[in-house]
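Here chain A shows up in two complexes: once beside chain B, once beside chain C.
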Partner chain A sequence: MDGNSLSVIKLKNILLVTVPDDPGDDTIQELQNKVLNAIEKYESKGLILDISNVNILDSFFARTISETTQMVALMGGQTVIAGMQPAVAITATELGLHLGKAISTLDVDKALDIFTDNFKTV
Partner chain B sequence: MPYINSHSNSRYISAFDKWQEQKDFVKFTKDDEEALKKMHPTAMKYADDFVEKLYEHLMSHPDTKRFLSDEKTLNRLKLAQKAYFLDLTSGDYGEEYFNSRLKVGIVHQRIGLPPRIYMTTYCYYMQLIIPTIYGNPDFDAETANAIFMALYKIINLDQELAISAYIHATDEVISRQSEEIMEMSTPVIQIWDGVVAAPIIGTLDSGRTQQFMERLLEKIVETNSPVALVDITGVPQIDTATAQHLIDTINAVKLLGSQVIITGVRPVIAQTLVHLGIDLTDIITRPSMAAGLKVALDKLSIKVTDMSKTTQGS
Partner chain C sequence: MGCENTGECHIGSEGDIVTCRKVIRNVATAAGFGMTDVTRIVTAVSELARNVYVHAESTGMMRWNILQQPGKVGIELIFEDQGKGIADIDQAMEAGFTTANSMGMGLSGVKRLMDEMLISSELGVGTTVRVVKWGRIK
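So, the complex of A and B:
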């Protein structure tokens, strides 16, 4: 899986990224770069990472998500992780992996709800 | 109980060869077998008499009498008892003997006869047999001693087998029950659109946590529920390990994008949690499932109204 197949979709003032099945370290690094560049370009308020295709979450991936969340926050955006699989959540808990300040939601729909709710209140 | 394999599901405790080792251990030799054989004619002679006396003794005690309810059972038992007694001096202590002795323990356990009765009955038995060894004109003092020793050894082996079978049978019951409890004690049910509830009954050990966590997470994803109520009313006592298991479950649920509300926090549980210094401040906790459901509905922006009151008011 090379980084070029990753697409960062802009939806109004949010970015949506579907993480491919079993991403390699290069893909994950590429993902971070693309996301940060897109936020700079569109001044996006939020990032949704759809990880429903991901079967294995390793420590590198977990750390990158956590770091990306912090970076996105520094650039004024909120990160939401959508659609984590139960098996991935269990493994992550057992290994003590943390996703930092990222919020989780059950699916992309609910992730979009978070942003619309937030924008209503803000 | 060296020949008991506690992990095996077999009805019989396997390993006859282990019993051979056991025989070596108590120094039960060919000489002993020969000595017991010498006793066989005497045993034949007294067998019926002994069995009668034994059952007379058992019938005279209410503790043992209740196992000997009807005439038919009694007669069958007397026959079995006679065969059992004659087997003692048969001189053949092979696999058949081993299996028959094991069965004694298994059957006694099944009918609920306590090992105490089995042991004391054996003692009474000895009181009947010993005089026929030492009072026997056919045996000189040395032979009598040899027979007594051999008898003592084989009876010890007998008892050990029966007691091990008792323990094994009881262990089987326990392991079957704990499996059943494990299977039925962690249901996860959807109680509202977007809310699942999981009442935990019993102690939460690591094995059950794993199973519980899997079921809860699967159900949350399946029903797309943002809120999960975990009810601990049925958890008798909480310790640091149980609390950690709960926290792990809560963290896994959080990763999915759903939220756990702990319900059924009884006063004693609240006291223990504080005394143990377990920090649950980041987690919503409520004393009852009903209170938890209210929080859940609030989170989902669902309002439940009492129709009767609304109509009255309008």
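So, the complex of A and C:
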């Protein structure tokens, strides 16, 4: 597994991470570490996880997303999960998975809208 | 019931979970399963392969067979390990039950994703989980 497969992109005061289509456990763990370090470094207000390429979401991945959301929240940030594929949404629901306190949007554009709207009202 | 396609994967490392998923994604797609069923099958593989990796100290195998019956095609997946075994299978099948650091959705969730599921286990000897998913031939 390539340890440098994930990039965390800083967009103004939020972070964008695009998750690869079939992420291994180590990639998912790496995601959590990279995101938390980047939030501290850039003082980000939020995280967008673009999972539009992801074609499998199992209980390990769901738990890590849920935990990461919780950790980001403890650091004062909001997590938005963007772009879940229909087949993944069906399977995740049947499997009984939940993503904790993360908000979901249809795509990254709508995720960005959430942050833009939120910051206007603050 | 004839088997045309068959194969196996060793589960000895975390990376093998991804390998199992990729192999079965290709096999299930080639067998004619639709996108949603392929996702169900691959997700079940991920859960069961991880169980073998986590609970059986990497001593396991996944075997797969394509089953053909009039008007339908099936994929049979058998996960075998020589791990410590499951003390209480009924309890392990309950939603929320976990001995590992997970959501406890693994086995009960897999049962919902697949059409058939059978677990046999003996303490100190190992565990075998057999699941089947059926699809209509288009």
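As a convention for this text, the second predicted complex is superposed on the first by the 121 of 122 C-alpha atoms of A that agree within 3 Å, B and C clash if a C-alpha of one lies under 4 Å from a C-alpha of the other, contacts with A are read in each partner's own complex, and residues count from 1 in each chain.
Here is the rule we use: contacts are C-beta pairs under 8 Å (C-beta built on N, C-alpha and C of every residue); 3 or more make two chains touch, one makes a residue touch a chain.
Everything numeric here is computed off the predicted structure, so don't read it as measured data.
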{"item": "First, second, both or neither for A:65, with chain B first and chain C second", "value": "neither"}
{"item": "Chain B versus chain C as contact partner of A:82, first or second or both or neither", "value": "first"}
{"item": "Which superposed partner A:22 touches (first chain B, second chain C, both, neither)", "value": "second"}
{"item": "Contacts of A:99 with chain B and chain C, given as first, second, both or neither", "value": "first"}
{"item": "Which of chain B and chain C A:107 touches, first, second, both or neither", "value": "first"}
{"item": "Contacts of A:56 with chain B and chain C, given as first, second, both or neither", "value": "second"}
{"item": "Chain B versus chain C as contact partner of A:8, first or second or both or neither", "value": "neither"}
{"item": "Set of chain A residues, in rising order, touched by both chain B and chain C", "value": "85-86, 88, 90, 92, 94"}
{"item": "Residue ranges of chain C in contact with chain A within the complex", "value": "14-15, 17-18, 21-22, 25, 35-36, 38-40, 42-43, 46-47, 50, 95, 102-103, 105-106, 108-110, 112-113"}
{"item": "Chain A-facing residues of chain B, complex", "value": "210, 213-214, 217-218, 220-221, 224-226, 248-249, 251-258"}
{"item": "Of chain A, residues touching chain B in the complex", "value": "81-86, 88-90, 92-94, 99, 103-107, 110-111"}
{"item": "Touch list for chain A against partner chain C, complex", "value": "1, 22, 24-26, 55-60, 62-63, 85-88, 90-92, 94-97"}
